[in-house]
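We call the chains A, B, C and D, going by the order they appear; numbering starts again at 1 in every chain.
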């Protein structure tokens, strides 16, 4: 139990650095939601929830749980001071209209050109796209966080996605337990390598070729 | 001024087999709990349900799924509802999965007299297969059509006798748009107030959209209790 | 001054009969607004204002004027008990979406098939269509109230409108100082004649041919 | 958290000649009074203005009309503004008259990432000449495109430091949509509150839409005083 937790935590801690002071941010369901736990107190970041809340606060103490107050992952939450509630139509207008600085989403597969698949495995799993298909076109920047390889050890960063897409050419950055990779016009660019990994490890676990950043950071997180 | 119903049995009795229903809520939050219980008890069949998701296996729309009362679902998320997922994968239920923002906007359009609009969500995905797309300002969009329903079942915290509704926190979600897009909108409310007791600037759903009101005690089951 | 007032009053009083108990109604600018003054106290009618109010109340007493509370004609008004405020987008959604039972609008010209012109006289007057073009398609029933003839004594009910249209085939009923005329699939149907007018007067002041209602009321108002 | 401006001169100083502005209000109700006075004083020229109407001859947008600072107007109503009507008839000003509901919806669409939608308003009128129309469900509709602006100038009754806005009565009108559709939205507010003083369920415009706030004393001139 402790090892998977620490991988999730490593990814979440690294992803937190993507949140800049003053940002409005949408965190997807799953590991992305965990990022909120690591937000530095010297940043003012406002978290948006698709179900109609701008300003998600911390999880409530047990005596302050309000069953009518949840995030998009259906977890009970609180609202921060200065929050606002609105309908799902207003919420998606906010997302689609480009008013979110950053969305951090989970991923099943990401392609060399930034295609994202994260909502369905034909014949096996129907998760539903929820708000992800709106987010990938609406948020100003899309960061996907996921394990670098799947349970069978196969790459999740592929030349072409095999699963049904969530959006085409929408991902700006991929953060995994092993590396940070940017999607650029020239191709995938390796910008950071996690502690304990070599460049060759990353290359071996990533299907498309990787360009090396001139400012590549080793042991970055 | 609005019809105040006295029993949930009565409230759902005019919903015929084969009706199209919009059902408010996100997860179990903001769902018209007792209307769904009554609909499950009555056994109304062949329903088309428009709702963001389908509750859990034993509560909310999950009750109707379990009874196989639903023929077709338009939703954005199957999530953790195992019975819903099973019925979708086995083809027992017809499911149209729609991006959440598109679903919300199609419902709003239905209530607002907008027959169709363009949205970027779904472009380049299997959802766009065979669909009409169009480029505006160098970016590709999909044409989406409005949704309406025979009945909209919504849940509000407060109502007055004019049908004005106010929702609580994130229980607002899909309820306001659905209230506008149903031919008959039935509001299940926690509390009914006299006209004038609700502040005109705080009304989320003006009374014009509500045809019937029923007061219902809510269980407000929690799907994922998360605390500090 | 008293004669034009009484004509306006006659039209408004007759138009009031179009408002049924429980109706949501939009009254256009000008004479239509006056209709509100004659609403029978035994009817509950809710008046909608395009600028974002459902439930217009009476004009305020001088000490209760709120400059932020006006109707679509920009007159200071009050809000009735049970009113709701909303944005112009929500207001037009309410209108366009078919949630208004009746709209009573002023008219410059109405054609034999129910075309309405009421917003512009090319080269002479630019009034603007305001909310009228939304109302004529959104309200379930459109009643136009106007003088039967223009200042030159010429018919305003014409075979074809000469002025720019507000909407095509949208009018259900015309109420003038002289008559009530329904737009039907067979043509214009005379249903009521005002006091002091004969059928021949109405025929002479109306360009299209008129069918006679089987229940035609003389001296109706 | 949001930038609180201290002078109206400063507030309008970044609006360049040729800018497209959305200006809230309906008649004189809900207009950003002092921002318009400052814009008239500064003499910024060749403006494109999107607003429901254009104030009166000596107040609101009328001040800019009088100074011939406006090149083009997109509005739904000229009404009783004589100078506006004179400039439109003489061709001194380019005026695009748009049905009020279409104007409101185009602005909402601009803020909501909807590039275009269909509406029945204007079908069969000169507004439809040369325009793309389409039949849905046997009824004809016009394709309308979204509107956005370089700057949106809105007026609210209350704001907090997060930029959340609450409007007063019918002063809400076009302000909420315009706040969403401006690249930079400047909110002229009657009162500024500390964060937390406004109720989260009563917010009309969430702070994400507001970039700058300025507190302004409002004259609230009355165009048509009507009393009992």
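Keep in mind that, in the parts below, a contact is a pair of C-beta atoms (placed from the backbone, for glycine too) under 8 Å apart; a residue touches a chain by one contact, two chains touch by 3 or more.
For clarity, every value in this text was computed on a predicted model and none was experimentally measured.
Asks: Among the other chains, which touch chain A and chain D together?
Replies: B
Asks: Distance from the CA centroid of chain B to that of chain D, rounded to the nearest Å?
Replies: 33
Asks: Averaging only over C-alpha atoms, locate the centres of chain A and chain B and give their separation in whole Å.
Replies: 28
Asks: Where the centres are mean C-alpha positions, what is the separation of chain B from chain C, in Å?
Replies: Centre-to-centre distance between chain B and chain C: 36 Å.
Asks: Mark out which residues of chain A touch at least two other chains, giving numbers and ranges.
Replies: 79, 85-86, 92-93, 95-96, 137-138
Asks: Can you list the residues of chain D that touch 2 or more other chains?
Replies: 105, 108, 112-114, 119-120, 168-169, 200-201, in rising order.
Asks: Could you list each pair of chains that touch one another?
Replies: Touching chain pairs, listed by label, come out as A-B, A-D, B-C, B-D, C-D.
Asks: What residues of chain B sit close enough to touch chain D in their complex?
Replies: Counting only chain B, the residues touching chain D are 105, 109, 112-120, 134, 136-137, 139, 141, 145, 166-169, 200-202.
Asks: Okay, in this complex, where on chain A does chain D touch?
Replies: 22, 24, 44, 46, 48, 54-55, 79, 81-86, 92-100, 137-138
Asks: Within their complex, state which residues of chain C touch chain D.
Replies: 49-53, 58-62, 65-70, 72-77, 79, 85-89, 91-93, 95-96, 115, 120, 123-134, 137-138, 164-169
Asks: List the residues on chain B that touch chain C in their complex, please.
Replies: 1, 108, 110-114, 160-162, 164, 180, 195-196, 198, 200-201, 203, 206-209
Asks: Mind pulling up the chain D residues that touch chain C in the complex?
Replies: Against chain C, chain D makes touches at 26-30, 52-53, 75-79, 85, 88-89, 95, 97, 99-105, 107-108, 119-127, 157, 168-177, 204, 220-228.
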